[in-house]
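After this come two complexes, each holding subunit A, first together with subunit B and then together with subunit C.
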Partner chain A sequence: MRDKIIYVLGLVAILLLARDLYLITGFPAERNQGVIFKIIFFHVPMAITALTCALVAFTSSILFLVTKKFQFDALAVAVTEVGLAFLAGNLITGSIWGRVAWGIWWTWDARLTSALVCWLLYAGYLMLRNAIEEPTQRATFAAVFSIFAFIDVPIVIFSIKWWRTQHPQPVFWGGGSFPPDWKAVFGWQMLAVLLVGVVFTLVRLRQEQFQREIDSLRRMAHAL
Partner chain B sequence: MFALLLLQASAEDITREMERLQRNFAFLNSGLWVAWFVLVIYVLMMVSRERKLKREIAGLKAMLEDKPR
Partner chain C sequence: MAFVRQVLVIMAKDLRAELRTKEAINASLSFALVVLLLFSFAFDPSEETTREISGGLLWIVFAFAGTLLLNRSFARELGNDCLDALISAPIPGSALFLGKALANYVLVMAVELIALPLFGVFYNVRWTSQFWQLMLVIALGTWGMTVTGTIFSALTVNIRLREVMLPILNFPILIPALLGAMQLTSTLVAGKPITVENDAWLKMLIGFDVMYTAVSVFLVETVLVGG
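So, the complex of A and B:
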């Protein structure tokens, strides 16, 4: 049943992405930046998906520490890994956009640096998990680390408000301009990318279940 | 108005603008490819991990079935 849900959601996400891509290519070039502005349809949804994953990881890490239920630990690791992939996509597409808009691939401004630090922190989280063998200890240490790493997320979001940055103000809540007739497609694209994130998380959660099954089979094998 | 501006623009200006547009499009193209590429790599990593896990489960189950005999 769960596999069927994954396949259906995956199919819906692919169809939505294909439809959005068709519509996006049909849009005219943006007035100020030209066609490169269309990269916003990937850059921003990837960032929002990654930061949503970080929020879910933060919540499930707290829930693990409170309840000691391993389902929450599994959810935390699943969303962290998925969020890391999306944040990597966001950083790379942002760098390509920056090359055209600013003439540089990278600059150490507050938004870009905090986003990179966020990526490194969550990569560190995954490395920490690989370094600890004992499951309870691994889950506890990882949960504490994940809560600590989440401190960077509000800094990433509000850095453009708190400091003067090369990165512009957001187009939707910071007074930036966005063609009004693009908004509906942007909303659908946002939904499609979030759906891809949900599908990846469900697949990754299933793998965590397999891992737990392997752990219990190993214990049985040792007991015999 | 636009036609007049166009008439005033030199051939060099038009070539420069065409080059700028082409470069802009090439960067957008590479951006989209990279965005998809990152996700495809992640999917491939998940597929290979799932195969490994399933193999390991099958191996452990086979071992446990053999042991009582």
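So, the complex of A and C:
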């Protein structure tokens, strides 16, 4: 049953992505920035998906500490890994856009810097997990660190915003304008990228469960 | 009041143990000196340029030297299973944590207050013109560093690669605090006071300290027994 859900969701995500890609390539180039502007259809959904992942990781870390149920630990690690991948995608697409629009791969602008700091924060989470052998200890310590990291995200964003700002203002809530048909495709694209995130998380979650089963079988075998 | 006494007992114990051996504080101090020296090769130590980046330089020295001290905080208790004895002692985990954090705070502050005048001498920076405001920023920044450093010291004490993990976990979390402290220190060392324009950094530092102290006190029990 679980496997079928994963396949169906994956298929829906692929179809949606293909449809969006077809529509996006059909759109005319943006007046000032040209074709590169269309990277926004990938760049922004990936950022939102990564943020959603951080929120889910935070919630499931708290739930683990409260309930001590390992499903929540598995969810936390699955979602953190997926979020890290999406944040990396966000950073890379942003970098490509920056190369074309600004002429440089990287600049120490507020959003770029905060995204990089968040990436490092959650990379630390995975490194911490790798360094601990005992499952209960690993889950507990990782959950504590995840809570620390999530609290840091808004402080990082605001402090670095005071530090400097060069990133283009948001197209949606700032002064920019987005034609209605682009908006619709953007909504679908958002859904597609989120779905890809969900599918990745489910696959990773299954791996985590298998891993635990293997570990417990191994312990049983050693006990014999 | 019993709680305050417990905190002070732990703090006194840690300070006494450190001051008798002086191993961590000596290492930290000489490391701070080495880093200060290295910066003179990396940047032209003439007055103009160093004053602009002095806040950054100082806090990098403080963060590196502080990490050496913080690493020892819980690692010191590993021998003879002292950590287990401390955890089973009839005091709350938060008292143990705050006592250790305060002891670390005193030690890190001591290293910083020695490194600061040396920095002034080596780089010909007259840092005393806004003395009390600078002290306030250093006190706040160091508390942020110590409080997260102490909880991560407890978190990493029993794991592989302990010495490496502490800075890997602590520095990214500390970035907002370090950024604020660097900005304010650069301004103050240049002789300009904190005004309405940059007091947002001061508020952010205070907020960071309060929030992470609260979260650490709340979660420390989980860290100590959860292992």
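The definition used in the following text is that the second predicted complex is superposed on the first by the 212 of 224 C-alpha atoms of A that agree within 3 Å, B and C clash if a C-alpha of one lies under 4 Å from a C-alpha of the other, contacts with A are read in each partner's own complex, and residues count from 1 in each chain.
Note that a residue touches a chain if its C-beta (ideal position, glycine included) is under 8 Å from a C-beta of that chain, and two chains touch if they have at least 3 such contacts.
Remember, it's a predicted structure, so these values are computed and weren't measured experimentally.
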Touching partner for A:Gly34 - first (subunit B), second (subunit C), both, neither: first
First (subunit B), second (subunit C), both or neither touched by A:Arg2: neither
Partner chain in contact with A:Arg218 - subunit B first, subunit C second, else both or neither: first
Partner chain(s) touched by A:Lys69 [first = subunit B, second = subunit C, both, neither]: neither
Partner chain in contact with A:Lys183 - subunit B first, subunit C second, else both or neither: neither
Partner chain in contact with A:Lys161 - subunit B first, subunit C second, else both or neither: neither
Subunit B and subunit C contact sites that coincide on subunit A, given as residue numbers: none
Interfacial residue positions of subunit B with respect to subunit A in the complex: 20-21, 23-25, 27-28, 30-32, 34-35, 38-39, 42-43, 46, 49-50, 53-54, 56-57, 60-61, 63-64, 67-68
Residue ranges of subunit C touching subunit A (in the complex, touch as defined): 148, 151, 155-156, 158-161, 165, 168-169, 172-173, 175-176, 179-180, 183, 200-201, 204, 207-208, 211-212, 215, 219, 222-223, 226-227
Contacting residues of subunit A [partner subunit C, same complex]: 65, 117, 120-121, 124, 127-128, 131-134, 136-137, 140-141, 144-145, 147-149, 151-152, 155-156, 158-160, 162-163
Subunit B-facing residues of subunit A, complex: 29, 33-36, 38-39, 42-43, 46, 82, 85, 88-89, 92-93, 96-97, 99-100, 196, 200, 203-204, 206-207, 210-211, 213-214, 217-218, 220-221, 224
